[in-house]
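Labels for the chains are A, B, C, D and E, by order of writing; each one numbers its residues from 1.
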Amino acid sequence: MDFILEPLNLVTFFPLVGVLVLLFLKKDQKDAARWTALVASLVTFAISLWVLSQFKASETGLQMEVNATWFTFGAWEIKYALGVDGLSILLLLLTTFLTPISILSTWTAVEDRVRDFMLFFLLLEVGMVGVFLAQDLFLFYVFWEFTLVPMYFLIGIWGGAERMYAAIKFFLYTMAGSILMLLAILWLGNNQGTFYVPALIEQGGIPENLQTWLFFAFAAAFAIKVPMWPLHSWLPDAHVQAPTAGSVILAGVLLKMGTYGFLRFNIPLFPEAAKEWAWLMALLAVIGILYGAAVSYWQKDVKKLVAYSSVSHLGFVMLGLFALNPQGIEGAILQMVNHGLSTGALFLLIGVIYERRHTREFSEFGGLWKVMPVYAVVTLIVSLSSMGLPGLNGFVGEFTILLGAWGAGQEGLLGNNGVLYAGFAAAGVILAAVYILYMFGTMFLGPLTNEKNENLKDLNWREVVTLVPLLVLIFWIGLYPKPFFDLMAPTVEHLVATLGM
Amino acid sequence: MSGYTIEDLVNILPIVFVVVWALALLMVEAFTKRRGLTLVLAAVGLLAALFLTVSQFGVETTAFKNMLTVDGYSLFMYVLVLGSGLFSIALAYDYNKRMGWERGEYYVLMLFSIAGAMLMASAANLIVVFLALELLSIPLYILAAFVPNDAASEEAGLKYFLLGAFAGGFVLYGVALIYGATGATDLMAIVSAASTTESPLLLLIGAALILIGLGFKVAVVPFHMWTPDVYQGAPTPVTAYMAVVAKAGGFAALLRVFIAAFPSVSQDLVPVLSALVILTLVIGNLAALAQKNIKRMFAYSSISHAGFIMMAFVTYGQADLYADAVTSVLFYLLAFAVTSFGSWAVVVALEQAEGKGLNLEDYAGLGKKHPALALSMLVFLLSFAGVPPTLGFGGKFFLFRTVLEGGYVGLAIVGVLASLVSAYYYLRVVIYMYFHDGDPEVRSEPVLNFVTAVTAVGTLFLFFMSGPILKWAAESILALI
Amino acid sequence: MDANLTVFIILAVVAIGSAIGMLLNRNAVYSALFLILNFATVAVFYIILGAPFIAMTHVTVYAGAIMVLFLFVIMLLGAEELTGGTTKFDWQKPAAVVLALFLLAELYVVIFFRDTVFAEFRALADFGTPQNVGRVLFNDYLLPFEITAFLLLAAMIGAIVIARRVRRKPGN
Amino acid sequence: MVSIEYYIGLSAILFIIGTMGVLTRRNAIIIFMSIELMLNAANLLFVAFARMFEALGGQIFVFFVMTVAAAEVAVGLALIVAVFRTKQTINIDEASTLKG
Amino acid sequence: MLLSETTTTGFLELVPWIVFFPVIGLLLNIIFGRRWGELGVAITAVSASALSLVVSVLQFITLQGAHGEAMVYKLAEWLHIGSFSIPWEFRVDTLSVTMMLVVSGVGTLIHLYAVGYMHYDVRYKGDPKSYARFFIYLNLFIAMMMILVSGNSYLMLFVGWEGVGLCSFLLIGFWFTKNPDATEGTQNSYAAKKAFIANRVGDFGFLMAMFLTFWHFGTLSFSELFPEVAHYEGPESLVWWIAGFMLLGVTGKSAQIPLYVWLPDAMAGPTPVSALIHAATMVTAGVYLVARSAPVFSAVEGVHVMVALVGAATALFAATIAVGQYDIKKVLAYSTVSQLGFMVAAVGMGAYVAGMFHLVTHAFFKALLFLGSGSVILAVERGHHPLVETGDADASHGHDDHGHDDHHGEVFDPQDMRNMGGLRKKIPWTFWTYMAGTLALAGIFPFAGFWSKDEILLDASHFEGAMAVYWLLVIAAAFTAFYMGRQVWMVFFGEPRHHAAEEAKESPWTVLLPLVVLAILSTLGGFMNWPFESGLEPHRFGHWLEYTLKVSLGHELHIPEFSFSVAIQSTLIAVAAIFISWLVYGRKPLKSGQTDPLAKALGPIFKGMNAKWWVDELYQAVILTPYEKLAKFLSQTIDWSFWHDWFHEKGIRDNFQRLANFLANPIDMGVIDKISYLLAQGAQGSAGWLSKLQTGFVRNYALAVFTGVVVILGYLVLFR
C-alpha cells in the first residue's frame, strides 16, 4: 500500500482510476465520461503539485525515487525505477497541466465515442508521465512505446479526412526510430550489465567509437520524435489530422519526449559522443530553425503553419541542449515548457475557430479582430510569446538558448567560428516574426471580407477557462522566470559539471 | 522386458496419462451417443495431465534406457503443450457444433498429437524424435482434413500430408547419415562420438537434413509453403492448435537435439541458420502484408515468428549462451502461444459457415460494435507486433538480447526491422476494426469469450509478471548437457 | 571380376531400373508393380547385408501389405490413367531433374571425395537374426515400439474418420 | 564382400529417384509411392551402416520406419480417397484452390 | 558602481512606479474601459501618464540632491543562469532621467491631445468602440518606453526596446481594417507588419551585440560593464563587431539607412501616435542607446566615423525625399528620419551632449509639428463632414452614409497638402503654433532647434573623423528649411484649394492646449543649454549629462566653444532655403489641380524624391520577393512535393508496398520459383513460362523445399 502511495507511483498511474471508471460507463453517457476524465486529470495535476511541494530544488540527484526490482533475466536486473529531478520536474508538471486543459477543450468538439476518446486520453497521460519519470531504460522504453498506441487512435479515430494515413505514418515513423534505440538499450544492458540510468552514468566507461554508435541509435528515436530536420515529415500530417486536443498534447508533450530523451539519455550516457557530435546536432537544429520558419511562411492552413513552426521552435531547444552549458540547457528546458504552453495555446485557439467555421484556410479569414476581439487579443498574446517577445515566456527561453549557443560556439565546442550557429539561429527570430505576423495579419487584421465570418461568436466561458491558465503562465514565465530556473539550475549545473565542459 | 521398472512409467506420467486417457476416450466415444461428452472429458484429462506435470516440477531424470529425458525444459514444454491443448479444445467447443462436424475422434486425435509433442520435448534418441514427430503429425494431417466433404479442408489435409511425408523422408535420411557417421542414434552417444568421428561432413549433412525436416514443421522459409494453405483450409481451432503446438514441438526437438547432440557443427551451421532466419523474417512479414484473408495473414505472421525464434537458435552452439537462448525461446513460445490463441479465438468468433467472415473487411466496425472483442484483438495484435506493454514485446526484447549477446548485431537489426514491417500489417487489422464502419456478425459464446478475456488479460498481465516466468524458464534449461 | 560385385551390380541395375520404371510409367498400376520389384531387390540386399529378419518384414509389410493396398486403391478409384489438369509448369520437370542431380552430386562428393571414412565389412555369424533383433527390440527399444503402437492406432482412427464421413448437419 | 560405399551410392540414387518422383509426377498415388521409395533408400542406408557397425540399432530403426510407413500409407490413402470423392480425380494439380 | 548604497536615495524607491502607473492605467482601462465611456478612459489614461511624469520629476529632484551621481534600484532577480545573472534593476542617472522626463512629459501632453483628437478620429473611422483601445496601447507604450530608458542592463533595455516595437506595431495598425486614406484595405496592417519586421532586423543586431558583450565582458549590466570597457585592451575587432551590431539595432529603431523604410509608412497610425512614438520618443531610443553605450563607441577610434556617416547620410537622403512629398505627415515623417540622422551623427561623433540636446528639442518641436498637422487634418476632416457636428452617436452613421464620396468624384485625402491652402485664417491657433515648430525645425534663431542643431554642426566642424559629415549635415539643414517652408506655404498660405479647406474649423482646447505648451517649449527650450559664458548658466544641460557620461567614459568630455562662423553660416543657409521656397511656393500660391512647380523645375529628380528614390521597390525586389520565392520553393517543392510526397510516399511507402505485393503474391511461388525457373532455363533454353506461374501446387511447394535442401547441402559440402 505504501508502495502505491509513493507520490510518483500515484502521479503516474492515477489516471488509470479514471480509465477504470470509464470502462463501467455506457457508450452514451457522454457527459459522465467527460467529467470523469476531467476530474481524473485534475486530481493527477493536484498530485503533481504535491510532488512539486515535496521537491527540493537544491538537490541534484533523483528525488522521491521509487526503486524496486522488476525482474531479473540472466545476468540482468531490470528495475521498476521512477524518479524526478530538475530535468524532469517541469515537464512532469507541463504534462499534468496540459492534459486537463486539452480534455476541457474537447468538451463540445468531440461528440463521437466520447468514452473511448477520454479512455485513450488518460492512457496517453499515463504513458507520458511514465516517460518523464522512468529511470530504467527498459521501463522507459515500455512507456515510450506505449504512448504510441493511444495517440495512434486519437489521430486515427477522431482525426480529419486523411486521419488513417496520418495515424499510420505517425506510428510507423516513431516506431522505426525507437526500434534502433531498443537495440542500443539492449547493447547497454549486455555490456554495462544494467538498465538503471544513474548506475549507467555512474560507471560510464563506454569506448569513444561505440559511444558514437549508441549516441546515434538513441538519437534516431529522439530526433524523429522531436522532430529534427529532416525527419519532420510525419509532423504536419499528424498535426493537421489530429483533433485539437490531440494536437495540443502532441505539440505540448509528445514532442518534448524527444528533446527530453536527448537531455536525459544521450548527453549524460554518451558525453564524449555528445561533445564530438554537438556540432552536427546544432547544425541540424539551426537548419530546422530557418527551414521551419521559412516553410511556415508559405502555408495555406493555419494548423500546418503552427506545425512547421514547431520544427523551428524545437530547433531552438536542440540548439540549446547541445550548447552543453548551463545557459543553453536551462534555456532549452524552459523553452520546452514555453513551446508546450504557446503552441498548445495556439492549437487550442485554432480549434476554437475551427469549431466555428470548420475550416483552417487562411483565405477564409481576415479582419476577425472586428468580430472576435477577445479571441484576437488572446491569439495576439500567444503569437507574440511564440515569436519570443520580451516580457513573454518565449523570449526568456530563446534568449538564454541563444546566449548559451553563442558561448558554446565561442568556446569552440561547435568547431571553429561556431558562433555562426547562434548567429543564424538568431536570424531565425526575424523569420519567426515574419510568419507569425503573416498568420496574425491575414487572420485578424485587414477588412472583414468573408461574410461567413460576420457573426461569429467570441470566446465562451469554457474556452476562456481553458486559455486563461496558459496566459497566466505565459506572462509569469516572461516576467519572473526565476522560480522556474531555480527548479532546474542545480541539476543542470551538476550535469554540465559531469560533462567536464 | 528386462531392465524396466514402474519408475520408467512414473517418470513420464503425464505422457502416459494423456495416451491412456485418449484410449479411454475412444471407448467412451464408441459406447455413448452423447455428443460433447468426449470434449469435456478431454478437457478434464488435459487438466489432470497439467496437474501431474506441475506435480513433477523439479524432477530431472531419464526413462526407458535414456530414450526420454524428463527435466525442467521438457516440463515447461508439457505445460505449454497441454495448455495449448486446453485452449484449442475451448475454441472447438462451440465451433464444431456450429459447423456441424462434432465428432469425438477429433479430441482423441488431438490427445495423440499432444502426446507426440510432449514426446518430442523430452526425446533423447533420434528414433524417438522421428516417431514422436510422426505421432505429432499424423493426427494433424487428419484434423486438417477433418471437415466432411469440404474440398478446402481435404485439400489442406492432403497437401500437408504429402509435403510432411516428403520432409519426413529427409529427416530420416539425415538420421541415417548421422547413424553412419557416429554409429549411434542416442543423443549422448552421438555427441561423444561426434568428437572422434572420421567423417564429420557426414554428421554435418545429417544434422542439416534434420534441421530441414524440423524447419518444415515449424515453417521456416523456404520450407514454409504449406503453412498458409493448410492454415486456411483447416478448421480454425485446428489451425490455432497447429500454429502453436506444431511449432512448440518442432522447436522443442530442435533445441534439445542440436544443443545436446550437435554443438560441434554449430559454427558450420551459423551461416545456414542466419540465412534461414533472414529469409523467414523478410518473406514471412512481407508476404503477410498483401493478405486479405485473416487466417492466411496469421499464417504468414506465424512464419515470421518462427523466424524470430530461430534467431535465438542461431546462438545455440555457444556454451555460455545456450542457457539464455533456451530461456528466451521458451519465453517467446509462451508469449506466442497466449497471444496466438487469443487472436484465433477472435477469428473463430467472427467466422461464419463456408469460410465466410474471414476477410479483413469483415472486421470493419468491430471497434464500434463489439468494443471488448476489438480491444482484446488490439492487445493481441500489439503483442504480435512487439509493442509494450505486452508479452510479445517481452519475448522480442529477450530474444534480441540473446542475439546481441551472441554478437549477431546484423541479425538483430534485421529482426527489429522485420518487427517494424510486421507492425504495418497488424495495424491494417486495427484500422479495419476501428477506423472503418461496418456491421460484423459475431458469435458471442461463453467459452469463446472466456478464452478471449483470459488470453487478453494474460497478454498484458503476464508481461508484468515477466520476472517469475523468466525465472521459471531460466530454471528449465536442459538437464542433460 | 569379384562375384559379389557382379551380383551387386546386377541387383543394383534391377533396383534402379525398376525405380526409374516406377518414376516414368504413365500407368499407376505398372508403377506400383515396378515399385514392388524394386522392394524385392532391396530385400535381397538386406539379406546380403545380414538382415534376414528385416528382409522378411520388408517383403511382408511393403510388398505384401502396403503395395497391395496401393493397388487396391488404384483399382478402386479406377485411377490407372491420370485425368484432367494438364501440367502447368513445363519448367518444373527440368528444374527438378537438375536439382536432383545436384543433390546426387553433393551426396557423392560427401561419400567419395571428402574425408568420409567407412569401416570394411567383416564376415559375421547369425547377425540380425530374428532372435537378436527381437532381443534388442524389447530390451533397448521398448518405448519406440510402444509409440509405434499408438502411431498405428492414431493412423487407423484417422483413416476411419476420413473414410466414414457423416453427412454434414447445419450448425445449431 | 562389396564395400559399403556401393550401398551408400545405390541408396543415394534411389533416394534421388524418389524425390524426382515427388517433384515431377502429378498422380497423387505415384507421388506417394515415390516417398515410400525415399524411405526405402534411407532404410537401405540404415541396414548397410548397421552391418558396418555390427550393431543392430540400424536394423531396429528400419523396423520402426516400416511401421511408420504403414501408418502413413493408411492415412495417406484415406486422404487421397477422400479427395477423389469430392474432386473425382487424384491429379494433385487439381488440389490447388488454396493459394495466394 | 552601485552608489545607491552610499548616497542619499531620496525618492529612488518610487522609480518603479514610472512603469507601474501606466500599467495600472491600462489594466483599469482593459477591465472597465467599455463601461466607463470616453471620459473615464481619458482621465485614467492621462492621469496614469501624468503620475509617471510626477515620479520622473521626483527622480530628477533626487538626482539633484545626489549631485547627479548615478543610482540603481533593484526590484527583483529576473534571470540567473550559471554565470549569467540579470536583475530587474532601474538605473537613475542624468541620462535616463532626461529621457524619463521627455517621455513622460511629451507623453502626457500627447495623451491630453489625443483625448480630443481621438474623440473625432474614432468617429470618422466609424468605430467609436476603439477609443479605449487606443489609450490602452498608449499607456502600454509609456510603460515600455520607461522600461527602455530606466533599465540598468542591455537586456532590460532590450525588453523595452522590443516592447515599444510592439506598441508601434499595434498603433500603426490601429485602424487595421483601413488604408492610410481611410478606405477599407490592408495597407495599415501591412505598414504595421513592416515596422515590426524592420525593427526585428535591428533587434537581431542588438541580440548579437549582447551575446558578444556577455561572453567577452561577462555581464550585461551597465554598472559592471562600462568600467571594464573604459579600459579595455582586447582586440579592436571585437569592439567593431559590438558597435556594428548595435548600430544595426539603432538603424532599425531610429530609422536610419538602411532600415528607415518603415517609419514613413508608420504614419498610418493616428496622428498622436506619429507625434509621440514616431517623432518624439521611441525613434530616439537608438540615439539614447548610442549615448548610453558611449564607452563602447568611444573605446576604439574609427567606430565614430562609421556611426556618424550613417547618421549624416540618412539626414541628407531623407531630407531630399521630404521635399517631394504631398502628404503633410509624410513630409514630417521624412523630416523626422532626417533629424534622427542629425542626432545619430552627433552621438556618433562623440558629441553626446549635442545629440541628446537635439533629441530633447526635437521632441518638442517635432511633436508640436505632428500635433499641429493632426490639428490641420482634423480641421479639414471636420470641414469635409459638416454633419459630424450634430453629435457623436450618429457620427459614424452619417459617415457611413457619405463614405468618402467627394465633390470632385475622387477619394478625398484629408492629409494631402494639395487639398489645403489658406488655412492661416481658418485655424489661427494651429497656424501660429505650427510656425513656431517650423522655425525651430528650420533652425532659425532663437528657436530651440537653432541651438541644438548649431551645436551638432559645431561638433561636426571639429570632427576630425570625416569632414564629409559636416557638409552632409549642412546641406541636409538647407533642405530641411526648404521643405518646411514649402509645407507652410502650401498649407497655410494662398487660397483654399478644396471645399474642405474652406469649411475647416479650429480644433477643441484639449487639442490646442498641448500645441501651445509645446510651442513655448520649442521656442525657449534652446536656452537650457545656453552656450555663452555670460547670461544664463552656461552649458547647463551639458554639465548635467556630464555627470553620467564622464563616469561611464572615464574622462571629461570637452564641450567645444561656441563659434559664430558656424552659427551664422547655418542660419544664412536656412534663411536662404526658406526664401527659395517662398520663390517657388509663396510668391504665386498653388491653384487647385495645378502640378507642383518644383516638379516642372527638377523633372526626374523631383520624381525620384516623390517616389522616395524607389527604395521600397528595391527592397521588395531584392529581399522580400526572393524570400517569398524561397519560402514557396522550400515549402511547396522541397518539403512537400519532394520530401513529403516523393521521398516518403513514393520512395519509401510505395516501394515498400510494391515489394510486399510482389513477394506476397506470389512470393511463395514467385521468388523461389524464379530460382528454379532460371535453372530450368539452363536445362531447356525456352522461356515464357513465368506467365504460367500459379500458386497452390504441391509440386511447387515440394520443389521449394527441395531447392532449400540442395542449396543448404551444396553450401555445406562446398564451403565446409
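Here, contacts are C-beta pairs under 8 Å (C-beta built on N, C-alpha and C of every residue); 3 or more make two chains touch, one makes a residue touch a chain.
Model, not experiment: these values are computed from the prediction.
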{"item": "Touch-network distance, subunit A to subunit C, counted in steps", "value": "2"}
{"item": "Those chains which touch subunit E and also touch subunit A", "value": "B"}
{"item": "Chain whose Cα centroid lies nearest the overall Cα centroid", "value": "A"}
{"item": "Relative to subunit D, chain with the most remote C-alpha centre", "value": "E"}
{"item": "Most distant chain from subunit A, judged by the mean position of its C-alpha atoms", "value": "C"}
{"item": "Euclidean distance of C-alpha centroids - subunit C vs subunit E, Å", "value": "101"}
{"item": "Mean-CA-position distance for subunit D and subunit C (Å)", "value": "5"}
{"item": "Subunit A-subunit D separation of Cα centroids, rounded to whole Å", "value": "66"}
{"item": "Intercentroid distance (Cα basis), subunit B paired with subunit A, Å", "value": "43"}
{"item": "Where subunit A touches two or more other chains at once, by residue number", "value": "none"}
{"item": "For subunit D, residues contacting two or more additional chains", "value": "8, 15, 18-19, 22-24, 26, 31-32, 48, 52-53, 57, 60, 64, 68, 71-72, 75, 79-80, 82, 85, 92-93, 95-100"}
{"item": "Contacts with two or more other chains, residues of subunit E listed in rising order", "value": "664-665, 694, 696-700, 702-703, 706-707, 709, 713, 717"}
{"item": "Pairwise chain contacts under the document criterion", "value": "A-B, A-E, B-C, B-D, B-E, C-D, C-E, D-E"}
{"item": "Residue ranges of subunit C touching subunit E (in the complex, touch as defined)", "value": "88-92, 94-100, 102-103, 106-107, 109-110, 114"}
{"item": "Interface residues, subunit D side, partner subunit C - complex", "value": "1-10, 12-21, 23-27, 29-30, 32-34, 36-37, 40, 43-44, 47-48, 50-54, 56-57, 59-60, 62-64, 66-75, 77-82, 84-85, 88-91, 93-94"}
{"item": "Partner subunit B, residues of subunit C touching it in the complex", "value": "107, 110, 114-118, 138-144, 147-148, 150-151, 153-155, 157-158, 160-162, 165-172"}
{"item": "Complex interface listing, subunit E residues touching subunit C", "value": "676-677, 679-684, 686, 689, 692, 694, 697, 699-700, 703, 706-707, 709-710, 713-714, 717"}
{"item": "Contact set on subunit B toward subunit C in their complex", "value": "1-4, 19, 26, 63-65, 67-68, 97-101, 103, 105, 108-109, 112-113, 115, 119, 125, 127-128, 131-132, 134-135, 138-139, 141-142, 145-146, 148-149, 157, 180, 198-202, 205, 353"}
